[in-house]
Structure formats: structure tokens, C-alpha cells
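Going in written order, the chains are labelled A, B and C, and every chain counts its residues from 1.
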Amino acid sequence: MKVVLQNLTKIFPSRDKKAGGEVVAVNDFTFEIPDGKLIGLLGPSGCGKSTTLYMISGLQKPTSGKIFFGDDDVTELATENRGIGLVFQNYALYPHMTVKQNIMFPLENLKGADKMSKDQMLERAYEAAKLVQIDELMDRKPSELSGGQQQRVAIARALVKMPRVLLLDEPLSNLDARLRLQTREEIRRIQKETGITTVFVTHDQEEAMSISDMIVVMKLGVLQQIGKPQDVYDDPVNLFVAKFLGTPPINVLEGEIKGGKICIGGAAVLDAPGVADQEVFIGIRPEGFELDENSALECKLSNVEVMGRDVSIVSTHENSLNPVIRSIIDADNKVDVTAQTVRYNIKPHKLFVFNKETEERIYF
Amino acid sequence: MVESKHQWKAWLYLSPAIILLLVFTVWPIINTVAMAFQNNYTAGLGTAKGVKIAYEIGVENFVNVLQYENFGQILKNTMLLCVATVPISTVLALLIAVALNSIRPLQKFLQTIFFLPYVTNSIAIGMVFAAMFNIIGLREGNTVADTWGIINNAIMLFGGKPINWINQGSTYWANMVVMIVYIVWNALPFKILVLLGGLQSINKQYYEAARVDGTSRRRILTRITVPLLSPMIAYVVITGFIGGFKEYSSIVGIFGDTMGPKSEPGRLNTMVGFIYDSLNAGTIGAQGKASAAALLLFGIILVVTMINLQVSKKRVHY
Amino acid sequence: MENKNMKTLTAKDLQQVSTASRVMGILVKIGTYAFLIAMALIVLFPFYWMIISSLKSTAEYRRNIPTFWPEQFVFANYAQAFEEGNLWQLFKNTAFVGVVSTILSLVITILSAFAFARLEFKGKDLMFGALLATMMIPGELFTITNYLTVTNLKWIDTFAALIVPFLVSVFYIYLLKQNFMQIPNELYLAAKVDGTSDLKYLWKVMIPLALPTLISITILKMMGAWNSYIWPKLVTKKESMMLVTNGLRNAFTSVDGQANIPVQMAAVAIVSAPLFMVFLFLRKYIMAGVSRSGIKG
């Protein structure tokens, strides 16, 4: 089921009643989620990603704009009629019911022609439980399960009625680091097996990048960029997106465009033909550096971290906005640890130039 | 923690409480049990006057209580009031609390109104209820009345027949209905307060999850709200039963010390009323009998509470 | 599990479903408010009836068809109630008992709660457990012996009999102790380092921090004095020593026949007024205290 958001806007009245005013949580979103894909809504807290998810679910009504499931306009449709499955951040499993009862609960609500017999419901519940591999735990209460198991029950409960769209709110945030890795693979697998269009919300870019078919990057209620994770990473539209994606994060330096050349502190690092002279921000991915003794860009070497496959070089430069510049190079390169400085060559497709005022990307 | 050489300080601070508790709580427990098991106990007053009587240990007091001609009636009254008022007030309070919890405007205002009966004197408002049910100026033969009282007025408005609720010649069941109405009215505020507090502490996400699944309102109430609220419900039921077995002053409020219509004094007497009657009688063995009755009441409350806890263990989700 | 999509709804279906559910929602809202307002009126009715009845003349009150607003306000009923019920004396007695027992009770409760919350001494847990155990026993069990005790002490018809036996409430000690325990112990240790005495620390730090609980206790204790019936009835024989509830029931006791109900209602209104006033101003504390206690008065 394809999901389309059209000029979606959500405005909350300000909490501080005296001050008045309002908070725009989601500002004029338009994008399309293709059928059967796994989509990550990504952004720092307060960017409106959860509000977007809740509007898709129907638990919150948009202030303006429309939501379509396929060709159906569901904007005015009540939550229960949308055919969605929602997994809450803290799972919201009913504590007084067993796992089985929790999973069967949505089925028991079906009315009319959809009504099922007890056996059918059990069959469906076991099917869903098997899918998330908790069919051994059906008679336990949620309080007797680990966080990861509760998560699976919540997913099974959302899947059991075969939703048109599956929504997950920060699905991994309540799990420890080890479980997180495991569970995100699990979500990927379940999504692939069921083929259900799935939208999940996260503030962790690594999480979103690793499993999503597409990511949607948001900031302060405004959509920044949407695309395949690798595309967004390789081709960010602005400084925010560039900074938000990638570990270690992108290195940002002040620089300028002068006579068609990109200069950092006087050192010309790349050609940028046809771009007017101006001051800019320059973002360089850690993997975008190459050691080159003849290069113009010189940084003070402060530390070298050998990580087996790669070497991470920590250096400083007076134009850097971050305290240090971190570069990752192949371990085959020999780095002179005792040297005072290090010189870099920059790979052109790993360097992005941004307007100093608007922070928008300047293409060249 | 704090150095132990100041132990005496702790005991100094505790001393007023301990002394008072020893005299007015611990000693009474011992003494009440002792009195209950001494035949013909005639109060410590005797010894104070220098008259020494040899007491006999026995269960005569309990036998006296159980053989008292009206004891069956008293037990029946107490039980009936409990069994009728606890479920009615609990269900009503639950409905009101759920309704209150589902609204925004007027919530605080209505909540305050529903709490009002709590801050009243149960004897004083009992007199108001008595006035509302009273038939004034009833003459001989139950025939002529100047007014039927507002409750009867209301009944007649809807085409019913007026009932003699609490006056001379009224029936036992009419009396009971009045008591049940009054006790429920009195019991609602506390129950609503506790249940609403419980409702407000239920995580909203359970309701959002239920909405996503298209759960009907009735099923949300029976399958989610009530189970999640069950500890609170158990609490109000148990305290309701304990209070119900100690019902006394609400009856005094409506019927006065006669504990029943003038023509039938004592018809609505309860266990607690019986204890005070025995104590006030001042006859030989009065205190012993009162003590035995008090222990019996304690025993009943204990057993009922145990049963309640046993039932709730199966039904209550903690 | 294959993804059997729910049947695709047509635009018209969608419109109908959402309208139906919206209408349903509005109906439920209306029903909820109707139910609540009806219940609120039932709850309020006795108060309304008390007030309008207290202002009617006897003749008007006894009319066959009741009036819902007095034709003529007979304020004299209130004067008569004051006089007949000797209400002024009852108020004075009750206020005295209420204030004195509240103050003494607060002192005892604070000292005990402090000892349990902050001091270490042998047998503390045992002692506290024993205190809690007494809470399970119904008050009726104590009354008989306490009645004998105050009789032997020749306290009948004295304020001592009305005040002393109920000064200690285990429940209030428990409540305050829990509250004190929430105050970080470091504050106490810091005060010790500075050489602050226990009492000064109590007064300057713990009492201000536990003020809401103390206010709740105060109000409940005052309400207790105002509403108590059984014990005062046992230990006061003289009218001059009676508390308000007993006096009220005594003075206007006739259920049948010719009782002057408007005057009686005036007396009830006068007696109820102080608690209502307190409630209006301190609603928050009362409701907080009550929801934790479950004990009336």
C-alpha cells in the first residue's frame, strides 16, 4: 500500500498559554512512500517525526493537508478504519493479558463479516507469533518478558490483523545496544517477509541508514531530504543533512570560493568552476581524505588511532568548526606518527560546499 | 546514618506516642479480649470501689450475644446494608469516574461537586435525608397528611404511589431503601476520588493502542480499563465492606438514637449500635457482652476481608 | 504470512464510515455529560433542599405541593436554630477540641515521624511494624476499654476525655514518615555538621518541606472533631460539654410529627457551613489527604 502525504501540516497551540502563539510541529510535508518499502523517518528530537507517524496512524488529526493510502483519502478516516498496525515506543502491551491474549486482542475487535472464530484467531495469533519467533512464550505475561521479547510481542500484535501499513515509533530506543543490532535486522526480515509498507521513526541515523529502503530526514517540522540512504549520504542537500548522517560525522570547515577554486585557509583543495566568489562552509566526509605530502591542505596532527582495517587520523585545523578533523584512511597507508603535520588530498565526491547564510548546498 | 549514642533521643521523641498508644490502644486490645472471656464481668469500676469479685473465665459473653433475641436482626441489618451498598456505590462510582475521566471541560468542577458529600457531617445530612423522606403531619390511621415529603412528591409526579418511608408504621424494606440510598450517597465521593485517581494514572498509550485496533468503547471499559483499575477497585470494595460492617452513625442521622421508626425502635440496629447499647445499658456483665460483640465484629470483618483478598488475588491484576 | 490487504474502500464508504463514527462520538459525549450532570444534580439535591427548606416558613414547608424557592425568606429560622440548639456553645466546644487536639496531635506525629524517618535506634523496624499492626484493628474494639479508662480517670464531662484518647494516629505517623523519608538524608547530615539541633532542623527544614502533608493532617483532624459522634456521646453527659454533632442530634431529634423542619434544616446548614468553607479554600489538600487515607475524619 503506497502512502502519500500531501501538504501535511500540524500546528499545536503553544503550551505556554499566556505567551500565546503556536508550534508548527509538521510544516507542509509532501512525499510518497512507495508500496512495500521500509521507510525511516529520521531527525533530532522535536523535528516532528513522531507527529507525522501519529498523523499517518490517525491518532492525531492534521491541521491541513491530506493523507492517502493507495488512492483512498484517509485524512478524515478514524484510526480503527485505516487498517494500520502501530508499535508504540514503550510497546503498550496490556499488562494484565498474556502474550496470546495481547496478540489476539485486535482480532477480537473485528465485527460483522470480518468476525473470526476462536480457532481462526488462535491460528492467526500463532502465525504472527512464529513470524517474530515468540511462539514459545504465548502464555507469559508481558512483565515476565525481556525488552526485546516485549518488542516482538508488540510487533506481532500489530501484524496479526494484517495491516495495510505498519508504523513503528522509535522501535529500538528501549533496547540495549546488542539487542538493537539484532532487532533491527529482525525488523528488516519481518518487513521483507510480509511485504507490508512499513514506516518507522528514529533519531538514530545509523539505525535508519542500515535497514531503510528510503529515509526521510526532518528538522524542526520541515522536510529536508528524502531518498535512498546511500543517495542521501552521498548527496546531501544542505549542511544539516550532511552533518546528521554518517559516523564519524562529517568534518565541517570554513572556507571560500575564489576564482573557481575551493580554498581552506588559503590552500586551494579543489576546483569549482563557475561558482561565484564567496565565503562557504565545506563539508568533507572522513573517508574523503587521502594522504598526500604534496597537497596544499595542511593540518596539525594530534593523534592516530589504528582500528585494524582502517586508520583514523585525528588532526586539527584553525578553520575547522569541529574541535578536530577526523579522517579514515586505509590501513595500508603508512602514517608518520611522530610528524607535526599531515597533508591531505580530498576526493572530489566526498566534499560538499554549502552557502554560508542558507547552509544550502552549492553544486559545482 | 546517625550515631547510636543518641538512641535515647529517638525514644524521647517517640515517648508521647508510645505512652498514649499503650494506654489507649494496646491496653484496650488486651483488656477487651480479657473482658470478653470473663463471665459476668462488671467493669473495672467494681475494683475501683474496693469490691473484689472473683471472675470466671468462659465464653458466656459470646453465648449471651449470640442468644440475644435481636442479634439475628442486627446481623441481618448489617449484612444487608453491606451487600447492597458496596456493589451499588462501587459500580456507580466506577461509571462516574470513567465518565469524568473522559471529559475535559467541566471536569474539575464536576469532580468537586461529586466530592461534596464527603465534607459533610453524616448525622447532619442524615437529618436532611430524613426530612426529604419524611411525611409531615401524619395523623392517626395513616390517612391524612399535610405533605408527603419531596421524595413522595417526585414519585407521585411520575404516577407512583406515595410510600411511608421512615415514619410510624413504615415497613422494614422502606426503611432499608432509605438507608441504602443515604449510605450510597455518602460512600460515592471517596470511591470516585480513588477510582478517578487510578484512571488518571493509567498510561494513555493503552488507549491509543486499543483505538488503533478499533476496540469498541464497551470492550475498552471491560477488557482494559477495569482490569487495569482492578487494584483500586479491590481497595474501594474492601474498605467499603469494612466501613459497611461498622455502619452506625448514618442510621442515627436518619432515625435518631431509636435506630428505627418510633413504633419499631432498634429495628435497624447494627453491630456497632449493639456494642454501644450494651455498653450504655450499665447492667451486670454489660462490658463483657460489649467486648464479646466487638470481638465478634472484628472477627467478621477479618473473615470478610480475607475472603475479599482471596477473591481479588484471582481477579486483580497488580 | 502473506499480505492480504484489507478490502479497498471506496471514497463513498470512507465518507460514511467517518461520518458514522463522528456522529457516534458526539452522541457518546452528549450522553456522558448528561449522565454526569444528572448524577451531580442528585448529589447536590439534598444541599439545595436543606437550604431552601431552612428559609421557608413552617406553613410553606408543609404545603402539599412543594415550592422550589421560598416565597418569603424566613431568616428567623436561623436565629431560632442557634438558640434552640444551643449552637454557639456547641461550636465553641467543638472548635476548642478540634484546635487543641490538632495541635497536640501534630506535635506528637511530627516527633514520632522524625524519629522513624531520621534516627537510628534498636528495635526501630519492630516498633514501626507493631504500630502498623494496630491500624488493622477496628476502633470499636478500643472504645469499650477506653470508656472504662476515662471513667476511672474521672474524665467524664471533661475536655480531656474528648481530646486525649485520639491524639495518636498511626496512620498520620506513617504518612508523615513516608514524606520525611523523601527528603534527602544529606540535608540532615549537613545540618549536623553545621551544629544545628534536631529540633531546629525539624522546624527549619523538614516541616516546611512536608507542609502539604501536615495541612492534610490538620484538616482531616479538624473534620474528625467536627464529625465525631459516638465517642463524645459516650463521655459527655452534660449539655455544656457536648460537641456539635451530638448537640444537633439531641436538640432536633424528633423524626415524626410536628418537628419544625425549617429550623432543623437551618441548624444543619449552620453546622455544615464551616466544613464547606474549609473545603472551598483547601480542596486540594483535603482531596490529597483523603485519597491516601480512606478514613473518614
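Going forward, a contact is a pair of C-beta atoms (placed from the backbone, for glycine too) under 8 Å apart; a residue touches a chain by one contact, two chains touch by 3 or more.
Because the structure is predicted, anything quoted here is derived from the model rather than measured.
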Chain of greatest Cα-centre distance to subunit B: A
Contact-richer chain pair (by C-beta pairs counted) among A-B and B-C: B-C
Per-chain CA centroid nearest to the all-protein CA mean: C
Gap in Å, rounded to a whole number, between the CA centres of subunit C and subunit A: 55
Mean-CA-position distance for subunit B and subunit A (Å): 59
Subunit B-subunit C separation of Cα centroids, rounded to whole Å: 15
Touching two or more other chains - residues of subunit C: none
Sequence positions of subunit A contacting 2 or more other chains: 80-81
Shared interface positions of subunit B, touching two or more other chains: none
Residue numbers on subunit A that touch subunit B, as the complex places them: 57-59, 79-81, 84-86, 88, 90, 92, 94-97, 105-106, 108-111, 157, 161
Subunit B - residues contacting subunit A, complex: 203, 205-206, 208-216, 219, 223-224, 227-228, 230, 317
List of subunit C residues in touch with subunit B within their complex: 28-29, 32-33, 35-37, 39-40, 42-44, 46-47, 49-50, 53, 61-66, 107-109, 111-112, 114-116, 118-122, 124, 127, 131, 134, 137-138, 140-149, 151-152, 164-168, 170, 173, 185, 188, 192, 198, 223, 226-227, 229-230, 234, 244-245, 248-249, 252-259, 261, 264-265, 268, 271-272, 275-276, 278-279, 283, 286-287, 290-291, 294, 296
Subunit C partner contacts - residues on subunit B that touch it in the complex: 1-2, 4, 6-7, 9-11, 13-14, 16-17, 20-21, 23-29, 31-32, 35, 43-45, 48, 92, 95-96, 99-100, 102-103, 106, 110, 112-125, 127-132, 134, 136-138, 146-148, 150, 153, 166-168, 185, 188, 190, 193-194, 197, 217, 235, 239, 242-243, 246, 248-249, 252-258, 261-262, 272, 275-276, 279-280, 287, 290-291, 294-295, 297-298, 301
